[in-house]
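Have a look at these structures, which come just after this line.
Common to both upcoming complexes is chain A, partnered first by chain B, then by chain C.
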Partner chain A sequence: MSTEFNIVSEIYNNTLVMRTDGYINNVAGEKIIAEFSKNFSGSMNKVVMDLGKSKVVNSIGISYLIDIIEKLNESNGKLVFTSLDPTIEKTFNIMGIFQFAQKADSVEAALK
Partner chain B sequence: MIDTDLKLEIVLPKVPDIELVAIQGLEKMGSYFGISEDKIGEARVLVTEAIINGLEHSGGDNPYVKVEVTMTKDKLIILVTDNGKGFDPESVPIPEIEKKLSSANKRGWGLKLMKSMSDDLLIESKPTGTKISIIKNLS
Partner chain C sequence: MEHNLLVEKLSLQAESFQEGFEILIKCSNFDEITKNFWHLLRGNFLVTNIHILHKLSFGAEWKIITSQTIEESLDQSLLEHKEHLSIKYITNKKYNAVVVIPLSDSSYLGILVGKKLDGGDLNDFDKITLQILLQVFSSAYNSFLNQKNEKKLIFELNEKILQLNHLIDADIELSRYDKQNVLFDLAIERVVSLTNASSALIKITNTEDGSVERQITFPSNLNQEIIINSPHKIEFAFEFNNKRYLFVLSEKETRKGATSFSDLDKLLLQAISRQVQASIENEFLLGQSLEKERIEKELNLAAAIQQRIIPKELPKIDGYEIAGINIPSKEVGGDYYDCIELTDGKYALIIADVAGKGISAALLVNTLNAALYSYLEFNLPLTDLADKLNKLIFKSSPSDKYITFFIAVLNSKTGDLDILNAGHNPIFLVRNNLELEQVEAGGIGLGMLDFGIPYEGKKLTLEVGEKLFLYTDGIPEAMNINEEEYSDERMIEFLKNNSEKKPANFIALIVSDVKNHVGAAQQSDDITSLFLKRIK
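Now for the complex of A and B:
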């Protein structure tokens, strides 16, 4: 398993789409926050986070994702997770993440 | 395939991403026994969380965790021991997403995840270290 973590962002119709690749730990969490802060604008009401290439997420990394959910809640925006590995989806369910964020099968589905 | 168990014993120093070494061993063992990806995925969470919890609480000039992973085709036993000063597991609050969203501290989910994804979890902690024992059924 590679320890390299990468994140790329695109903006589609005023929606920020971030795609991660690799293990989401504390260092990756900080990179996600930095990428979000760099690209998110207050006029956006949706952020899509595609985790299809991240098969392992630890609880410290997820705490950074909760930070993004909080920031979006404050601006009436929503976070949509896509392409979730079944274990990550179960992890998010245990934590109650989907009470405050959504999920979709793909980025395309999330953008509809 | 052998009928007996497979055992991985490793001492991990406190360096970034070191938990992935144990994860790789776990995945190899799971593949050997033909364990389902769902079960291995949950086992991955258990090993990851136990190790990062142990390394966070390990101490002294030489912080480390000792990891023992024993697997049969039916059962996984994970033992993670650290050399920290111990903690009272009963004093660890159960995290709730509503409270975490409005809190500066959004961490503290490791124990909840380990309890939820395991079939048995025991934490033995004393001033010289903590041992986390996890059992997960694989069949």
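Now for the complex of A and C:
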């Protein structure tokens, strides 16, 4: 249904960086998981998700992000969200996401 | 003896069972639990050939979860369809035992235990160990499910807190916006997020002709037909100011696909829509308030213009007493009076009333005043003066604006009056015998038509003791709270009874009488009057 969501990923120094663009909902969540599964390797201990171009997220989308956090926890990896819209940041705060994931102002800051 | 040995061996194993349980309850998913359980079984029985299968419900197909090797010939028929725990010890070439465990989530675990490494069967100790391990698995799996449920409950609780928080935030944010494009974008984003809607539409139609004025979709490039035709949708609409605002949400998302929206979703949609309605209404009311403020400023300006034109003091005319008044109504009208000193002991007495109110009426009075002062210098016949004024007012005013106008040029030495009435109320000349003479002659109001219709003047003489009463319709048409007019009759009666009074007194008394009649009602029009009395 959501025709606008896009995701691209790159790997910098063994860190997977995924950049989303659009509404993070069910369809987007599936795309995020697929992109993560395609590019994540067990040797990575950090994944960065840049949500700068995503202004809206629903709880189904969040549940997929939690899946990624849980998968990373299994391998002692961590997830860092960057460029968060204030509304999304507040949403993640309320949902307790930042108990298990981190946030940074930018991808560059997250890669440090 | 054998029994004691068995108990002793089991005691030694107890710690191992405890460790196994702790490993299993630390697992974060079903695959991990079964994988670790598989290792436990292999380690305890020294069996390599162990298969674990799972099916989601009683009637579902078995799926192999863990197996050291994928065997095409895995004989699932060995797994009996039983709803309760079943452990069957068998003796064939491959397996020692077949187990079916019903799990607390209505799924089933199947276990095929192969031959031991030494090729032997399971002994009594093994059988008891197997039963204990099955119990360990069940307990660990229940713990896993409880944790999973706990996570789900926490997620749902957080989701409700999030909804409440977003609703409050959205209400505050939406109430701040006075730009409708931002308002609708924000509302649509908030409501899809709150309800897990896949897409949404706000459609604004004109209720008079049905035309679509605007539609906003989320995501923005989505065809609105997809939303409108969705089998899973909810709607809410309100109307305001000849517009219908329709809000549609389509396809509530779950991880298993689209589903119907709940009653809570409908309430959330209503809440957001109502807030948008409140913002639109507030914006409208603010606009009205600003417009009212603008009009009030305009009226103040109009009043200032009018008050500048109305004479503060009338000239003293030898042999005469004169008084005048102008009481503007709340809405500034276009009443005007003056007494302009001309040459050779002549004076022009003027009263006029512009049709309409507000700044345009005040400006038109201003035009009349300026033109009068100019034309009067040329000592034109009043008919020519009226003709020129008519042309000027016709050109400088919209078609619905005109001026009723009365002018009397008094020769103060002789009492001769040169009179012209251009569409104004009849003016009264009070003769010494108290008879009233109405002065109506003249023509149409100034600026009404420009067909060259000639004006007609009149000549009268004001004898000593006689009076001239000029007024605007604000006096006879003054209404009380029952919408009863002061009336021409009452005004004439008042004039007859009080004309002997000094002009200033007369004016004060008639205003007082009119105000007594009006009472608590609001003054609807300007009250203007001029009273001239020849005293010698």
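Here is the rule we use: the second predicted complex is superposed on the first by the 109 of 112 C-alpha atoms of A that agree within 3 Å, B and C clash if a C-alpha of one lies under 4 Å from a C-alpha of the other, contacts with A are read in each partner's own complex, and residues count from 1 in each chain.
One rule holds in what follows: a residue touches a chain if its C-beta (ideal position, glycine included) is under 8 Å from a C-beta of that chain, and two chains touch if they have at least 3 such contacts.
None of the values given here were measured: they were computed from a predicted structure.
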Which superposed partner A:69 touches (first chain B, second chain C, both, neither): first
Partner chain in contact with A:22 - chain B first, chain C second, else both or neither: second
Touched partner set for A:99, first chain B, second chain C, both or neither: first
Touching partner for A:56 - first (chain B), second (chain C), both, neither: both
First, second, both or neither for A:77, with chain B first and chain C second: neither
Overlapping contact positions on chain A, where the chain C interface meets the chain B interface: 1, 3, 23, 25, 27, 55-56, 58-60, 63-64, 66, 70, 73, 87, 90-91, 94-96
Sites on chain B touched by chain A in the complex: 16-17, 19-20, 23-24, 27, 37-38, 41-42, 44-45, 48-49, 52, 95-98, 100-102, 106-110, 112-113, 116-117
Of chain A, residues touching chain B in the complex: 1, 3, 23, 25, 27, 55-56, 58-60, 62-64, 66-67, 69-70, 73, 85-87, 90-91, 94-97, 99-100
Chain A residues touching chain C - in the complex, by the definition given at the top: 1-5, 22-23, 25-27, 29, 55-60, 63-64, 66, 70, 73-74, 87, 90-91, 94-96
Chain A contact footprint on chain C (complex, rising order): 28, 154-155, 158-159, 161-162, 165-166, 169, 189, 192-193, 195-199, 218-222, 226, 250-251, 253-255, 258
